[in-house]
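A quick write-up on the structure given underneath.
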């Protein structure tokens, strides 16, 4: 059994990691840490898990974490992760980081969007954990920068089409909608029930920090500069993320070629489902699963394509993809511990 | 025009008061105060009201409030209200207090449920603002203790039946359900969207502070001791409160007598609608209005009655009833400023 | 008092018309019809309105409707409206039609999107009821084709910018999201609570019939052809519609010019609020009102503009705008009966 | 592998059975039937399951079902089940029926609540499938009458206390709240999103057909007559059922004894969790699981107990308990295929 740990286990992402790893057939969850809740039984924080999870939050003692684990998930705020990853790697642990700290190869891009990077020497060792696109690198990686939820939902449909030269990586528009759990567990007026219920609105219009993350990866895939106009919206539901993407196509593209390209790219991917035209992806279809469902529509008026994707923002958009990456890094079957059959409601 | 003010205008109750009073045909809203937001335009806090409300939050200067108003609404936390009411009354203002501070005639009962009372000398002057029950006293009052939302929803159906001796004021059970706005605007984990959505649960089982408030008023109406087992629940919706009340009946009661008693008690009440058996009150029917809808069902098995009521917790349960009381105190038509036609959705 | 009637009063749009007109200070609602519910008290269908509305559904007898009214609202399915409007107009009634039947000047465009038109001779007499854009025509009109909800939300932000030549009417993208009431009151699996709750998805991708309606009006405003890629989405909330619109700009455009153009266009419009950058429109801010709130963001990457609008789909998107048009047709103040102060929740 | 089938697989209960049985380690789901959808791929009805479920709906050919299965689940309307069970039993299949047809031992009680019973000779062979209470009988049963969702939520907390003589089976009050999926998948105005969202109301007050079911089982457990006043309510959420139960206690009862009795009764039950006082059960804690969480509160005023329980109405309230019963009938571990770790949101 692989010994795994979670540093920062009490947020919503941590809580999904605890759930997934507690039920994983090939790992033992040996340690979970929380600075705020050290000493507290996990089920005192999350009573839902009573009787199924029997863990106590530990202080964030990295030496102990390293001693008790082979692989560690970091579910920490950005800027904190970068200081924790180094010591764990040095002690021989593999690290899957769910913050933004290791998603950029270029420290300057990171620093534009976030703040000074204190461990830039690790960036070269990090692999971007968009599993279906970087699977080969992930297999050999010691350090994963797990993607943001929006980038996962936007890049999975675009990646094969951009790589094949069918879609122009410049001038892409991504109109994305996220459930509220993406905002995390900290209380604020923005996530007060009465402010979200019966509400719908954009936020951080073109200024969201996932925008440069998406452009950097798109450019990496395309081998040339990419630009993307990204508008996130908040939807009154707990889990789920939907992206509608408007992209210009090159002369080679057609409805058939796009379909063929997507199908071929993901035919062996156990968590990507390419929908037929007319079978429109719905966040409810992937709730509680690690799937990304992708639909597409040829937009003759604009000689472009409309791509539609849905994920569960906490799973394929965070904890699920992190476990999927762990599976690949560890030589497990990619679906181990993630094989939930979706519920229809 | 009556000059009115609101002390503590930025919570959800204050915000509904601002809306109602801004649209009231016979009052001028001359001053609103907020310690936290003094100097801020009200529409910066509540952009929804842009173009319709043009007020700036003032510091809590009671002298100025008294000088500029004839009647003041206090939408303050309990314990704060009791220190504010006295000076305003002394300056000749009428006061409608929406906290718990003036709901009890007996300071000891208040102090059991809350904390020491610093203005017990005012309790005798305060009238409990359950409009339909204490209308005569309200007409002459200088100081109103506006009822809690749960007491309003529970007492309106019970009051006439208890007064008529058809229902036993002992051993009553009130199983009540409230929308989330009842918890106020302050962020906390308890009102985080993800903790409320798809959730339903009781809270403060038999320990809610509205319990002694209800028992005291029931006893006042009955002229003998009352006891009530009260279990509140949180429902995933923004506005609305539903109560299902199980009461034992006396030998005189019957389905017909209960119906007749309720209909007669409220035939002249513009905001109480007695539903026929089979026409079950729904919180959606009173959303955004000052109505209390009441249904009833004879429970032959228990020789008792099942009463069902619905209100909008922010209106008949708070700001609406406060304005209704102001109307009566000021000789206005009881429905002035409150005559919204309910929307079906 | 203007005598008004509603033909087809029992759907959600009809129900909002009943509510608005029952509370309107200058009209008398003399007749409402329903083929399905003739003879039924309106409050048996919508108990929420008990005590405030006292109407009985009448059979659809156009002669009687014409005799009892000066102006009639048609809240009927398309194809039915076109057969009803003629006789009412011939009898001297003004008509505000809420179906699609009189929204197109060109019968061929209508017939492409819907079905054969049986009263094409009336199309020339009809004025498109997008109030803020066609106010002058509406003032003189006998017959109004009230706009669809999506067109209202998309055209109000675009119209001044297209008219001023700042935005290119070709290649516009409208990513729109609607609450469920837009689907009407007829039960179906698509509006089953369990299929909508915790769901979010696009539908009728580029094939929605509001698409040609928007293109025709945009072209009329621009004086040249327009093309628009329109993707509607269903949001789990009852009332509200949000549109995020991505449009290319001409060389003359800039953030300042766009702001100035929008502000000037709507400075005298009582129901359009132009938001400052950073103050993002939210459907919750316009719930239950006739407002359209518009925000905008300069998209330097694409030399384009991102427009964001919100309306209540049943009010500014249907019944509210219809009443606003009636006000103008009748020489009333444009805000009569529509002056609700928005609630913040 | 046990060969199992589902007759009537396309409703919400059937859909959960398909999901659970497809993922069950010891069964093969050999046949699913649907009269309405015979010949249709299951994932055309429920696209969420694409890639994980590969079944086609079969016509309801009982001979074929019997030939291909060892145990059959009937997810049919009542009255239909009773005609199907006999032939399957005769052919040697075990049957778990999820309708009401085999929940009553006494045909007269059934016929009072439902309609004439056409297979009363089978009633003696049927065991009521409230697993934790009738586990021994279930082990040997050929035919299970799987309990209703409300009875499961009400009887699990009451059963041990009534059996121990601590709670009086007469005069019990059950105030219960159900999510919308309990109403099934058929579209109707009652489950239209706009009628349920922001709504909360009781329905079928004391007339719900689960009322006699609960009284009959309570009486069986108590060994004397039972009476129960039952008021169900509809909550705006998809999955979940909460019951607050007010019961009178006998002289022997106390808070400690109640706690001890509940804990002892369920100490070996893998799906019942007794909560400490103050740790209040929430439907969100059991969403997607087979758990029943039970809380309790001593009500000194009434010398009674307040019991609070939560279940997922589609799982412990239907499909989950059915699979649990199958496990016991088949000698499997009771938790096989049901061991989901609850998610906190």
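Note that the chains take the letters A, B, C and D in the order they are written out, and that residue 1 is the start of every chain.
Rule of thumb we're sticking to: a residue touches a chain if its C-beta (ideal position, glycine included) is under 8 Å from a C-beta of that chain, and two chains touch if they have at least 3 such contacts.
This structure is a prediction, so every number in the text was calculated from the model and none was measured.
Summarising the inter-chain layout, the chain whose CA centre lies farthest from the centre of chain D is C. Looking at A-B alongside B-D, one finds more C-beta pairs in contact between the chains of B-D.
One finds 37 Å separating the Cα centroids of chain B and chain C. The distance from the centre of chain A to the centre of chain B, each centre being the mean of the chain's C-alpha atoms, comes to 46 Å.
Centre-to-centre separation between chain B and chain D, using Cα means, comes to 39 Å. Annotation for chain D: residues touching 2 or more other chains are 12, 181, 194, 197-198, 236-239, 282, 284, 345. Per the touch definition, chain D reaches chain C in the complex via residues 12, 180-181, 185, 187-189, 191-194, 196-198, 236-238. By the touch rule above, chain C contacts chain B in their complex via residues 12, 15-16, 19, 22-23, 46-53, 181, 198, 238-239, 270, 273, 275, 279, 282, 284-286, 288, 291, 339-345.
Within the complex formed with chain B, the residues of chain D that make contact are 171, 173, 175, 177, 179, 194-195, 197-203, 205-206, 227-229, 231, 233, 235-240, 242, 244, 246, 280-284, 287, 297, 299, 301-302, 304, 306, 308, 310, 345.
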